[in-house]
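In the part that follows, the structures are each spelled out as structure tokens.
Presented sequentially are two complexes of subunit A, the first with subunit B as partner and the second with subunit C.
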Partner chain A sequence: MKYKLNPHLAYRKIGEFLYVVDSKTSMLYKFNETAEIVFEGIKKCFDIDKIVKKIVSEYEVEESVARSDVEEIIKEMLEKNIIEVKK
Partner chain B sequence: MDKVVNDLFWTTYKNRIPLYTIVELTYRCNLFCKHCYIPQHYRTKTELPTEKVFQLIEEIYSLGGLYLTFTGGEPFLRKDIFELINYAKQKSFYVTVFTNGTLIDKKIVKKLKSVNVNRIEISIYGNKDVHNRFVRCNVFDKVVESVKLLKKEDINVCLKTVLTKENFKDYEFLKNLAKNLDVVLKTDFVISAKIDNDLSPIKLLLSDKKLKNLVKKEDIDITSECQNFDNFVCSAGMNLVSVSPEGNVYPCVEFPYLLGNIFEDDFTTIWQKNALRFVKKFLNIRKYRKCLSCEIKTYCRRCPALCFVESSDIYGCSYVIKKVAKIFKSLFLKNNVGGTF
Partner chain C sequence: MRRFEVCLSLIPKKTSVLVSIDKKFFYDVTDEYLKKFFFKKIQGKQKLYFWVFNKETEECGICSDNEKIVIQGGIVCFSLENQKFCFSCIKNYFVFNSVLRILSSIILCLNNGFLLHSAGIIEDNGCVLYSGKSGSGKSTLAKKFDNKKVLSDELCPVVLINKNIYSWPSMFYSEVRPGFVNDNNLIKIKEIKFLSEIDKGKTISVKKKEDFIDLLLTNIFWLPKNKFLTQRQINIVEKIAEQFF
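Then we have the complex of A and B:
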């Protein structure tokens, strides 16, 4: 499954965190570096495997751990409407 | 304040990142609003060329800015407004446009939709007669029509008003209008002097009695309106900045203290050197001796910009802000409104 960013977002990396604001809801969210890699991956139309690979190479973690983290982050981003399923 | 909003504000404040940038694209305007802080003779001033605004956006992006507001004058008088919004959106800015809503038609709405603008804020001052008298032009119906067109295309739009002696009675009307149009109404009651120090708009300020009734009736949270003055003066020049149509950089849109001009220096240099010098010199809490010993400081939403335009003294006392603070104090002591300090 592929995902895409909600088109109503504005975002910026400030300090260690990625801040994302959704103009539809006026909600502001703050994400850590791992979530930022997921966000950037989705922005570049990467599939989950490619995002997991990137996290494994950046943080030297087990693939299963990285995959679980990515799935958790994607679930959270879907719930917050930051991303949507690409049809 | 929401925890994440608070966190973003203080992170950018402490690190002096221009989180909020206001760009006045033009001083030209097709209306003549009675309270406007821009002197009419400014309307003939030069404007930033498209490429210069692009360069400005690039620099603010590199410095970490997120919220970008295009205002005027009337920004839709510029033919390149969509190019500018689009450019900022490509850099993932949150783009807001302040407008009088008179130049928006179906074609413009389609373009706004296509460039993914984040928010449109439209000024309105009362019912048809009151609004048209206040802006000195017969445009009320057009403004309402613009809101409807934007809503129809699912564009984030809100109404905003300033309550003055001339439109106070229409507050209920405005609230109902916003409700019927299904948009938020942002309300303010502070009026600024003009940026050339002309104090005439202040005459429109509500009387003490009306202001007091408004705060009471609307249950305005006094605590959120006031500042903790012991460690904070103002965000101007810290995480807020403004650029005028001639390229002048100011700490805030209503604060005509010149930091530099982007035709002479790049914005980054002005922000990192001149604005830093400004905040070190003027936003030092210890220099606000009068304020620190003032008996109503706890109720005051101090604004160095208003002090500056009213009296040319940044450390001075704004007539408008003091009036509001006195009312907040009297209401708070009666324990009629607000939270606790």
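Then we have the complex of A and C:
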């Protein structure tokens, strides 16, 4: 399954965090490094496997841990309407 | 309908809006305080925007969906490309005030600024903004000062001009009506402090730029619906944080 970003998002990396604002609802979100990798991956149309691979290569974590984290983040992003399923 | 033109000062001596509005409607939706921000003539050389105000609540029919902000009792349309604003609202002070908040916010954003949920207090040769959400004690704090020293107890304008950050008496207030002398000047912001949500009336110590940015982003008056303006607001917050750290 692939995802895409909500087209109404405005974002900027400031310091170590990525700040994301949904311009439709004015909701502000602050992403840590892992959430940022997921966000950037979705922006580049990566699937979950590719995002997990990127996290495993950048941080010394087991694939199962990375996958669980990515799935959790994606679930939260979907709930908050930051991303949507690509049809 | 008898229309007339008035000049709304949005950044003192720098930016104004020429408003074309029905005369009776204007006097019905403004009070004595709000009228202080409207002038008969443009004061000196200023950047000018144009605002056609319609009495009826209806869409202008020209602007696209992402250039429309619908509020209860009114519609705000704007075309950034043509620097054109068309606002409609019912004859109600509060709706008109909401429209003014949106207009101010858009124009401040286009000029390196934003509206900040804060109480602004004049101190020595400048001012200090005490920022916080609703219920954090902005009005309580403002009540401790002579109202001639209060810029607002609710929303203060903030603008970055040549690496200096300024505010000025705000059009918007909650419980403390600012009693400023109408000299219409920019006032340098010496500091932005943040009110604690836990200890009402107390300020939070902010030592890191990241924390300052977090708090600013949480407390600015966000513009809804327009991605370009929202992106600009985030960028301006970062630029303003850089001036303090």
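In this section, the second predicted complex is superposed on the first by the 87 of 87 C-alpha atoms of A that agree within 3 Å, B and C clash if a C-alpha of one lies under 4 Å from a C-alpha of the other, contacts with A are read in each partner's own complex, and residues count from 1 in each chain.
One rule holds in what follows: a contact is a pair of C-beta atoms (placed from the backbone, for glycine too) under 8 Å apart; a residue touches a chain by one contact, two chains touch by 3 or more.
Nothing here was measured: the structure is a model prediction, and the numbers come from that model.
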Three-chain arrangement built on subunit A, subunit B and subunit C clash or fit: clash
First, second, both or neither for A:Tyr29, with subunit B first and subunit C second: first
Touching partner for A:Lys44 - first (subunit B), second (subunit C), both, neither: neither
Which superposed partner A:Lys87 touches (first subunit B, second subunit C, both, neither): neither
Subunit C-contacting residues of subunit A that also contact subunit B: 7-12, 14-15, 19, 21, 23-24, 28, 30
For the subunit B and subunit A complex, residues of the former touching the latter: 2, 4-5, 7-8, 11-12, 15, 17, 19, 64-67, 92-95, 116, 118-119, 156
Residues on subunit A engaged by subunit C in the complex (per definition of touch): 7-12, 14-17, 19, 21, 23-26, 28, 30
Subunit A - residues contacting subunit B, complex: 7-15, 19, 21, 23-24, 28-30
Of all residues in subunit C, those that touch subunit A in their complex: 209-210, 213-214, 217-218, 222-227, 229-231, 233-235, 238, 241
